[in-house]
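What follows is chain A paired twice: with chain B in the first complex and chain C in the second.
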Partner chain A sequence: MNATDIQIAICGSAGDGTIAAGDILRNAVAAAGYRVICFDVYPPEIRGFGKCISRLRITTEQSYSLKRQSDVLISLDDSHAIPHAGEVRDNGAVIFESQPISPCAEGEHMSAHVLPGQIPYGFPIREMAQKATGGARSRNLVVLGFIAGLLGLAPTSFQKIIEKKFAKQGANVTAKNYAGFKAGYDAGAATFKLDDATFGPLAKSGDSGKVVMLSGNAAVVQGCMDAELNTFFGYPITPATTIMERLASEMPKRGRRLLQTEDEISAIAATIGAGFAGSRSATATSGPGLALMAEMLGLATITETPCVIFVSQRGGPSTGMPTKTEQSDLNAALYGSPGDSQRIVIAPTNVEGCYRCAGKAFEMAERYQTPVIVLLDLYLSNRYETVTLTASGPPFVLDANKPLRRMEPGEAYQRYALTADGVSPRAVPGDVGCMHVITGLEHNELGRPNDSAEMHTAMSNKRHDKLQAALEHPDFTVTKRFGAQGRVKVGILAWGSTFGECLEAMFMAQAEGISCAAMKVVMLSPFPTKAISAFMDDCDAVLVPEVNYEGQFAQLVQGTLARPVVRLSRVPSSPMPVELILGEIRRLAGVAAASAAS
Partner chain B sequence: MSIPIQPVYVDVKLREVQESGRLDYRSRSLPTWCPGCGYFSIVEGLTHACNEMGIPKEQAVVVSGIGCSSRFPFFVNLYGFHTLHGRVLPVATGIKTANDRLTVIGVGGDGDGFAIGGGHISHAAKRNVDITYLLFDNGIYGLTKGQTSPTSAVGLRTTTTPFENPERPLNPLMMLLSYGASWVGQAYAGNPDHLREMITQALAHRGFSYLHILSPCVTFDKTSKTYTNLGLSVRDLPENHDSSDLMAAMHQAQDQEHPALGLFYQQFRPTLGDTFEQVIAKAGGNN
Partner chain C sequence: MNASVSSSTSRRYVIIGNGVAGNQAAELLRDRDPDSRITILTNSRLLYYNRYLLPQLFKGEQSWQAFLANPAEHYVKRRIQVRRDSRVVSVDTRNKLIKLAHNETIGYDSLLVATGGVSHLPEELADCRKMFHSFGSYEAAMATRKALPEKGTVVLLGGDMIGLDLARTLLAVECRVILVTHESTFWPHKLTAEERADALATLEKMGIELIDGEARGGVVSVQQGASGLPARRVVFRQGGDLYGDVVMSFYGLTPLVEFMVGTGIDIERGLLVNTNLRTSDPSIYAAGDVCQIWSEQENIYRFYYGYQNVRAMGAVAAINMTGGHEHFATTQEETLGRDSQGFIDSPFWSYQ
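Showing the complex of A and B:
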């Protein structure tokens, strides 16, 4: 059986329906049973003629990232798409308008940029749209139909998705759009085949779970809802806003409360207040908002108050690049706060991970009485993947609080009682006989201000030590090794969304015969020293690719373990290119081989 | 103002206080304030009000910021959260959002409320969060040893204004009235009986109640807001003042030379908790 692995890129100008076409395509193939990963790039302006690209990779088994090269490029606007002609592989297809609306110079037409080895499919898209629908607006559906026909995808699943998408605009609009699709489909089916890119049969799915199409942020919302988030406080900021927007419609349906606050300080303050009152509470922000929350995070640390903060990173510093992805808020997430800022920081590596990390974050916040930061980035927040939700219900513990015993008459409740695991049973307002005050001041076991050296040391120990158990948190992947077991020439150590590209590069390197392995690090604080050390023991060289300039994760690894790593820190305003990682793997494999020979 | 002297017998008074039950609301911690500080009477006022209203101790939370006034939660036997400088209201909003049944009382000073935390007041007021905010205004930063504050008088000499404060003080009551606070009152720490009564009323109000409490700082301000000066300048609101009349309340609030004591304004409208429930009902989430 041929496993399906096709990547399609649709490129156009804002207003061409590029992103909409990608949306229909991903939903249609997912409905047909394929696995999808999809990432759209669009300009920051709401109106204008900026470049939009929607890239989808369609596979039999869920893939971790987009491929280095696309199999098909569709141009809805040659001026934007021409620079991307090179990203199509040999024997891949380039689909473009064969009859431009006005005469254009040769260099401005896609036909002049199709490389030898690529297969050009020029056809009269506009004319076909006009004939089928009486207007040119459905060009995006004509090309969608064209590739469906070309690649042999059944039109039925598209028809359903198109009907759903245009349902609000009436039967006429739906019919016209489907007519456009059908015209394209017939043309695609009638033309010569793109031989080595066809959809293979699907394996009979063994898991009985429900497959859904989710963006990273939507997966976070699903995780929050399944973990029974009670209260949410937020302030709009790209690329985290859609978390609050989705929660704003989901939470009230379940009788829960969401408040848009006046700023991020207020958002985190209210989140902590609600956590103190015993509610499962969260906020979501991006780098600039995290900076405003820094002081409050310290308050959550010292008062040992459970709270969850989703941080979707974008390009920085300052306002930086709000619509470009980056992994440069790691240091702020780990350390941003006055004093020693003990906390849990976890970073999912794919959309399914967003779901799991979101739900597990509430468990950890309660169990270890700590702020938990879930570090996402724009690439992860905005990309779509098919996700399997377990059939047996949400895999989350809904009350992870340490049990509180009844107070004896006259007994003073000790909010910060020193215990073996560092976690003190927590009373919340409403609990009879446990009245206490929590404070941002250093305190004793009763919670009363105390700044003695002994107490500050004891409480610092407590706040540090209690988190170590999170490294073995039940049903949570702290780190995971992929690829070759045992000794390898090159080991890739990565975190967050970049791990997907690392895995792709690793597979390609393995195909070239290079011995390599990759480890994803999901928990960044507390630092999984043992697992990472053991992995590094197996590697001749360790490569750390990440999308930031200073190599923040590489610094963390080197600083904690005092062992060298090879940095691949780049700020491409996009996900890390797979070929960059592959090039480094090749170079390191060569270097390692040379030094072994000498 | 002359106060007639009445004899008070210690044993009688002690029995009266013990039997009242209000000592239950006091904690065992000794206040950290200077002898003579006006804030002692605010602790008295709150414990008395809680006792009078029969609020169960575990059902009340006092939230404070940073400053002399913000040490308050340690001196009462209720749940308490001593938060960060300026963040009383958002933390209190979070607590009330999580649990409507709690009586939530915010306390803080003039610097905490109107300097660093100034951005939050308008939003707490407009949302009508059902909490009580007691603002202790002594016109100076006490805990950091005497710097000028947003309500310091023009001409006050402090460590950060050695050549006298050139800035006009804010008018907190005007601000709160225009922000839409649904209960706005003023009291004076040197008039504890009235203060106690005002705290009780503020707690009883359903919605955002703001009580501005004038108090001297006996250590760092010997010239401006002293007991003598405040005692001579405060006045009662006119007897015919209509607390449902916003314009009349604003008119009274204009007079900062002679601060009026009493209930300036009261309005009944849905609280934040009510609006949450409305949203949930619209979304069909009650089923």
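Showing the complex of A and C:
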């Protein structure tokens, strides 16, 4: 059986329906049973400006990243799509408008840029949309229909998705949009297929759970809801905004509360307050918002208040590049507060991981009485993947608090009792006999201000040591090794969304006969010293790819373990290209081989 | 063929047509003017493939890649831009601009028209065009192949040398071939009555079933076959009919010159050129099945068909476009001969 592995890129101008087309396509193929990973790139401007690209990789088994080369490129606007013509592989398809309404100078039409190895498919998209629907707005549906017809996808799953998408706009709008799709479908089916992008038959699903299509942010929301997030406070900021938007829709349905605050400082303050009151609470932001939250995060650390902060990174510093992905807030997440403000920082590597990390973050926040930062990035927040949710229900503990012993009459409740595991029984306001002082000042076990060296040392130890248990948090993947076991020439150590690209690169390198392995690091703080050390012991060279300029994770590894790594730090305003990682693996494998020979 | 290489630099050559003539010209233009820009414009979605080899589709080879004359890298290496899916709608000879169907305009310094021809269909059959199976392109030939069952029946109307070449292949794969003769049978060979009768007898010996189309008043329509019968029905003017799985017309070629109408360039049926293949516009040349070349011997403008002629025209045009002074040889062997088995053979069937 030929496995399906097709990447389709749809490129247009904001307002062309590019992202909407990608949305329909990914949902339709997922409904048909294929696995999808999809990432949309869009401009910071609103409609009428800027380039939008929706890239989808459709596979039989779940893939880990997008491919550098697409199999099909659809142009809804040649001025934007032309620079991407070279991204299509040989014998791949380039689909474009054959009858643009405006005259164009030489070289301004896509046909001028189709490379000799690619297959051009020009067809009258606008004219077909007008004939089918009376207007040109459904050009995106026409091209969707065209590729469905060309690639032999059944129209039924598209019809259902289109009906669902336009249901609120009435039967007439729905019918027109489907008419546009059908016109394109018929044209595609009647077109002689010359490209070799084909959909293979689907394997029988071995998944026992429910397969859903989620973006990273949607998965975070699902995780929050399944973990029974009770209160959320937030202030909109790209690329985290959709977390709050979705929660605003979902939480009231279950009697939970969400408040949009006046800024990020209020959001984190309210989140900590709710956590103090015993509620599962969270906020979501991006780099600039995290900077504003820094001081209050220290309060959560010193008061040992559970709270969860979702941080979706984007290009920085300052306002930076709101719609471009980056992994440059690692240092801010790890260290961005005054004092020794220990906290847990976890970073999922894929959409399913977003779901799990979101739910587990609440467990950890409660169990270790600490702020937990879940570090996402724009690439992960906005990318869509098919995710299998377990049939047995949410895999989260809904109350991870340490049991609170009933106070004896006259007994003073020690909110910060120095215990063996560093975690003190936590009372919430209203617990009988547990009245105590809470303050941002250093304190003693009762919570009362105390700045003695002994107490500060004891409390610092407590706040640090209790987190170490998180490295063995139940049912949570702190690190995971992939690829070859035992000694390898090249080991790839990666975190966050870049791990998917690393895994693809590793598989490609293995196919070339290079001995290599990859380790994903989900928990960044506390640092999983033992696991990473063991991995590095097995590797002749360790490569650390990450999308930031300074190599922040590489610095963390080197600083903690005092061992060398090879940095691959780039800021391409896009995910790390697989080929770049593969090139480094090849180089290192060559270097390692040469060293061994000498 | 050894004319001096033009000293022009960054000259823009545009070739309309992606067949044998156009590509032969492009290769020579590149050799003779290394710094030039060369652009081939074509309706086709495929790179250059030799259409004369399409009958091989029926022998089993079906991949379009197998028909390509060059790999894709060749065009990159040779810096020959092939603009596919780009139909020319008009040429502005005054401003040296070409307008494409998708509203793009491109300029040229020197233009070669090498669009070839399409299968001619008599006017009375024009309404049945959709009923015919085509053979003019890889895509059309594949569709025809798909429509033809194993050992199926093919009806050839007309029977020009392109059709008879295909007939040879169809017989080899055990298809039943029925030829409905017409005055264009054996076109472009011009045969005496005696030669024709002899050639027709040879076709029968080869295994082709002959039906005297002229005696039946010609074909008046081609229709969908009735249920339970082959897919097509051929109806004769004087009554009677004939069934086949595939019906194809081979009545000669019509040159593709519509986009040149109105340019002021001399056109009869094709573009009129002298033996140097230049049209009445000094910056425009023509080669292949699209042009009629002045023949001193016959004192007419006439077409020269077949792979060898078309290829030679491409070369002559390229040489002259780059400052050479080459002439197309209008005196040549055009006799319909016999091969070692006694079957008909034609110089138009030489594809090397």
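The rule is short, and it goes like this: the second predicted complex is superposed on the first by the 593 of 598 C-alpha atoms of A that agree within 3 Å, B and C clash if a C-alpha of one lies under 4 Å from a C-alpha of the other, contacts with A are read in each partner's own complex, and residues count from 1 in each chain.
The working rule: a contact is a pair of C-beta atoms (placed from the backbone, for glycine too) under 8 Å apart; a residue touches a chain by one contact, two chains touch by 3 or more.
Keep in mind that what you see is a predicted model, and the values were worked out from it rather than measured.
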Fit-or-clash call for chain B and chain C when the two complexes are aligned on chain A: fit
Touched partner set for A:D431, first chain B, second chain C, both or neither: first
Partner chain in contact with A:N230 - chain B first, chain C second, else both or neither: first
First, second, both or neither for A:T242, with chain B first and chain C second: neither
Partner chain(s) touched by A:Q414 [first = chain B, second = chain C, both, neither]: neither
Contacts of A:Q313 with chain B and chain C, given as first, second, both or neither: neither
Partner, of chain C and chain B, that touches more residues belonging to chain A: B
Which superposed partner A:T386 touches (first chain B, second chain C, both, neither): neither
Touching partner for A:T285 - first (chain B), second (chain C), both, neither: neither
Least Cα gap, in Å, left between chain B and chain C after the two complexes are fitted on chain A: 52
Where chain A meets both chain C and chain B, residue numbers: none
Contact set on chain A toward chain B in their complex: 230-231, 233, 249, 251-257, 259, 261-263, 265-267, 269-279, 281, 295-296, 299, 303, 429-441, 448-449
In the complex, chain C residues that touch chain A: 45-47, 64, 72-76, 81-86, 100-107, 139, 142-143
Chain B - residues contacting chain A, complex: 29, 56-63, 66, 73-74, 77-84, 87, 89-95, 97-99, 101-102, 119-120, 122-123, 272, 276, 279-280, 282-286
Residues of chain A that touch chain C when the two form their complex: 90, 97-106, 108-109, 111-112, 114-117, 119-122, 192, 194
